[in-house]
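Look at the two complexes coming up: chain A is in both, with chain B in one and chain C in the other.
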Partner chain A sequence: MQNYFSLFQLPQQFDIDLALLNTNYRVIQTESHPDRFVTATSAKKLSSMQIATTANEAYQTLKNPANRAIYLLKLQNIDAISETNTVLPATFLMQQMEWRETLEDAKQAKDINALNLLLSEMRAETARLQANLVDVFDKKHDLIAATDATRKLIFIDKVCADVSKSIATLEDNL
Partner chain B sequence: MAYSDKVLDHYENPRNVGSLDKNDPQVGTGMVGAPACGDVMKLMIKVNDDGIIEDAKFKTYGCGSAIASSSLVTEWLKGKTVDEAYAIKNSAIAEELALPPVKIHCSVLAEDAIKAAVADIKAKQLAAAQAA
Partner chain C sequence: MALLQISEPGISTAPHQHKLAVGIDLGTTNSLVATVRSGLSSVLLDEYGHALLPSIVQYLANDDIIVGHEAQVQQSLDPQNTILSAKRFMGRGLKDIGDYAHLPYKFVDKDGMLQLETRAGAKSPVEISAEILKILKARAEQTLGGELVGAVITVPAYFDDAQRQATKDAARLAGLNVLRLLNEPTAAAVAYGLDNASEGVYVIYDLGGGTFDISILRLSKGVFEVLATNGDSALGGDDFDQRIFCWVLEQLQAIGAKVTPLNASDTRMLLTKAREAKEWLSEHMSAQITSVLSNGEVVNLTLNSQVFMGMTQALVTKTLNPTRRAMRDADLNIEDVKGVVMVGGATRMPQVRKAVAEYFKQELLTNLDPDKVVALGAAIQANTLAGNRSENELLLLDVIPLSLGLETIGGLAEKVIHRNSTLPVARAQEFTTYKDGQTAMSIHVVQGERELVSDCRSLARFELRGIPPMVAGAARIRITFTVDADGLLSVSAREQTSGIESNITVKPSYGLSEDEITTMLKSSFEKASFDKESRALAEAIVDAQSILEAINSALVQDGDVLLSAQELAAIEAEMQALRELTAKTDSHAITQAVNALNHATEAYAAKRMDVSVNKALAGQNLNEINL
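Right, the complex of A and B next:
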């Protein structure tokens, strides 16, 4: 069965060639572009549209590291974002609390420097987690560790997005 | 999506926000998180020598339903025994707050926070009993 990785002729692993992903995505988009099917049968029109939609969904999934990790786990029948699994390492949750508190304080104080500092700290952690994901997914094939790291990455992405949003809001009001 | 009046009330006037001394042997801490929405919840309970929960505080970063769920349980917990607390079900929280299906996981988070806090205080009590 074809999956998102084989669709773009990529190996099914966390560490993928993003340039190749972009290139192969564009090839599929061009081949399935509606303009090429103006005079085609309605069946052909429909199937090209389905290919374009799937390719877009696949691209969005593989491009983003957290989504790619969630998808890799899903292919192994593991639901990383299960709503009934709320247990995470206490130290990690404590760190989340601290980041959230720093974000709240900096937002209230309208302190852009503090927010930028927080963002760079979190980006460093994101890079560390992604390196860890390459290790556990592609080298060790340790799905338990991979699930753990994936869940952490999803959390950090959310806080990162909130920090970026706060920075943007403050800058708009300068 | 519209929040129910009860959710809004807890969201706008959250009860028992804050922390207790985590090093206090009578205080149990429960921390849980939901990766799907990035919510984090910390619940602390203070249990007296009779096993009754005297005080409860929470700190939640998340959506209105997650804040309301944790605020509500801090009210429910006070005066209960730890075993009664452990028996609180997320369905009761969801029903009280009239949570829509997509927000049920917020009540699951609150139930799990209670269980984690109770487990923590029991572990502390056990450690103290063994040390004595």
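Right, the complex of A and C next:
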């Protein structure tokens, strides 16, 4: 295995065939899962455990768009998370702050509808960013732009997670 | 001349021979054993034709132990030596069991796991469970006419590491080779999935005697992929009995009957009556509860289903929160669910079925016996694992129910493996030393979703010693968590620069209170904002202490050389201000003081950097320079 993409026989790019990823993940697990080696030697058990563990890690990395983008950059020796050279545009940061404010207001008002609306708005933005990632990673090979878009995606994912958590809290206390 | 090969006695060389393997549902109330024969999974019966073995163990005066129906008869007569629902105590300390004062047992608090004092001595829940497993093993070997290759034992999906480990220990104590610990809802899905050749997303709602699990699975071409699991490891049919029991006492008190104090026999007897009434009400509109207490008080009450539903509504609702959370974790909507499978005897109650059907807006799947479906699925998996070829090659991809993490400075839990990660999983995280010259590190492994260690379940503590003395933050300690296909954790730690290593398999150690284990996940959502504040404070204090430590050691080295008396005094004043703030609880003020101190030491830091660079340029080895 050279990297997670080659493990699943996928081209090393942002736009991947998720159905093929699913199929190949299952093929690998069917062959390597520890359940297949319950009565085998301990050496075989160990290697089964290692392959199955790597396959799980690789699958989770490629399945999630943000993780996939981070991983693609890592393969180019770029650490998207600690990347401090690039500054995100002010408009994006403003947008971020607006979302955070909307989140706080809706939480205060216990307004689940507003939270769901915010979530779908952010999901639409996520979809736009993913389309942009296909463009900059796969077509333009512009790693600087890709790093920016990846960082934005990480930011939005974090806010999305907070919104989901707030919805969960409100729903549980209904 | 070729040598003739002779096999070891009892081990067959015939490759096609069917290996005897069973699935065991070790339940809170009842236990079962099943196996696959001629391609079909079936539950094995005892000599009287019973499938269910009541999970009850009685210790007799003559050292005999009786299990099951015979012990059940004795429960009111010999309550202290007749143990019910031992599963509720597996992997638990006394302080994890909230209402133990009402139970008719003498508890012994032991480090890690409680014990029960019987006339045969103190017994751990592991030993008691092993007695049940021994009976089922004997039943299987007698029926199948041979020694078992191994068994799949089922556990609630929401069991934590300590509870799983205890279950595996009980099986080994009973002389069973454990092929795999299998989550109960996953086992049920196997029984259903293969029966119905299903594809798509299925929800397994499993309300047993003492535990509640919800699992969401995607079934596709023989692969059962668990997408999310949630639950409550202290909620089950027993709680519905308890509600009826309390209602009976209230009714008796209302008519002036003397019911306090209630002795152990009366308690056990009324709980049994309560269970019978609950079961009766699943098919009838009202139940009669009649009995005579040992003080002569007569019990003669009628409980109608309306009243029963009213008093248990909160319990039913309590199962829907984990259900919602699991759906959210799986990122699915109600419309995505193709079928909802009902598992566990408690799902016979009409109010439970109604609530679940309403939530998922569809008819429920109840065509398999909810008491047997887990054992039937476990048997199918046991058959596959033992290596018996079957036409339906299936693969189960299960997940870990609760996040695993480590305690970091400030009492914070740093998650290393997140809940709902597919097994097997391994993840490493690097940590560093906090103080200059630190040579040992105490590693505390916890499980749960909350941000503070004190709110999570403590699984183990161990020490990594022999770290070479270095400046704070220079050591690189890599801690690896590995969770195998049984859902059991092992942890290893390694100091990267020296190779010092430490390995442990996590065994149950400390406990946490009843509240915490039953509501661990729930409260992590409710108290998210509180956690955030306490986390912010803890982090601010850690930041403050490390910057104070760093500046202190720098000042000791070259403060008097590089700084004027005035500069030194200014820095020391900022340090003192920060030290005073760390004793208080205002995280914002601490952060401001840290910033102020950073600002005050900027020039000093620049000077130190210059000195270091100059030394390096002068040909000294960079590694020797302490920046």
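Quick note on the criterion: the second predicted complex is superposed on the first by the 168 of 174 C-alpha atoms of A that agree within 3 Å, B and C clash if a C-alpha of one lies under 4 Å from a C-alpha of the other, contacts with A are read in each partner's own complex, and residues count from 1 in each chain.
To be clear about the criterion, a residue touches a chain if its C-beta (ideal position, glycine included) is under 8 Å from a C-beta of that chain, and two chains touch if they have at least 3 such contacts.
From a predicted model like this one, the values you see are computed outputs, not experimental measurements.
Participant: Specify the outcome, clash or fit, for chain B and chain C once both structures are aligned onto chain A.
Facilitator: Result for chain B and chain C: clash.
Participant: Contact-wise, after the overlay, does A:144 reach chain B, chain C, both or neither (first, second, both, neither)?
Facilitator: Neither partner.
Participant: Looking at the overlay, does A:87 come into contact with chain B only (first), chain C only (second), both, or neither?
Facilitator: first
Participant: Quick check on the superposed pair: does A:19 touch chain B, chain C, both, or neither? Answer first, second, both or neither.
Facilitator: After superposing on A, A:19 lies clear of both chain B and chain C.
Participant: In the superposed arrangement, which partner chain does A:96 touch: chain B (first), chain C (second), both, or neither?
Facilitator: It touches chain B, and chain C stays clear.
Participant: Given the touch rule stated above, what does A:52 touch, chain B (first), chain C (second), both, or neither?
Facilitator: second
Participant: Return first, second, both or neither, reflecting whether A:43 touches chain B, chain C, both chains, or no partner chain.
Facilitator: neither
Participant: Pick the chain B stretch that clashes with chain C in the superposition, from 9-17, 27-35, 45-53 or 117-125.
Facilitator: So the stretch of chain B colliding with chain C after superposition is 9-17.
Participant: Could you list, by residue number, the parts of chain B that touch chain A in their complex?
Facilitator: 31-38, 40, 42, 59, 61, 104-105, 108-109, 112-113, 116
Participant: Give every residue of chain A touching chain B within the complex, in rising order.
Facilitator: It is residues 80-84, 86-88, 90, 93-94, 96-97, 100, 151, 154-155, 157-159 of chain A that touch chain B.
Participant: Which chain A residues qualify as touching chain C in the complex?
Facilitator: My answer: residues 26, 29-30, 33-35, 38-39, 49, 52-53, 56-57, 59-60, 164-165, 167-169, 171-173.
Participant: Report the residues of chain C in contact with chain A in the complex, numbered from low to high.
Facilitator: Going through chain C, the ones touching chain A are 149-150, 179-180, 220-221, 223, 321, 324-325, 328, 384-387, 393, 395-397, 421-427, 482, 484-485, 522, 525-526, 528.
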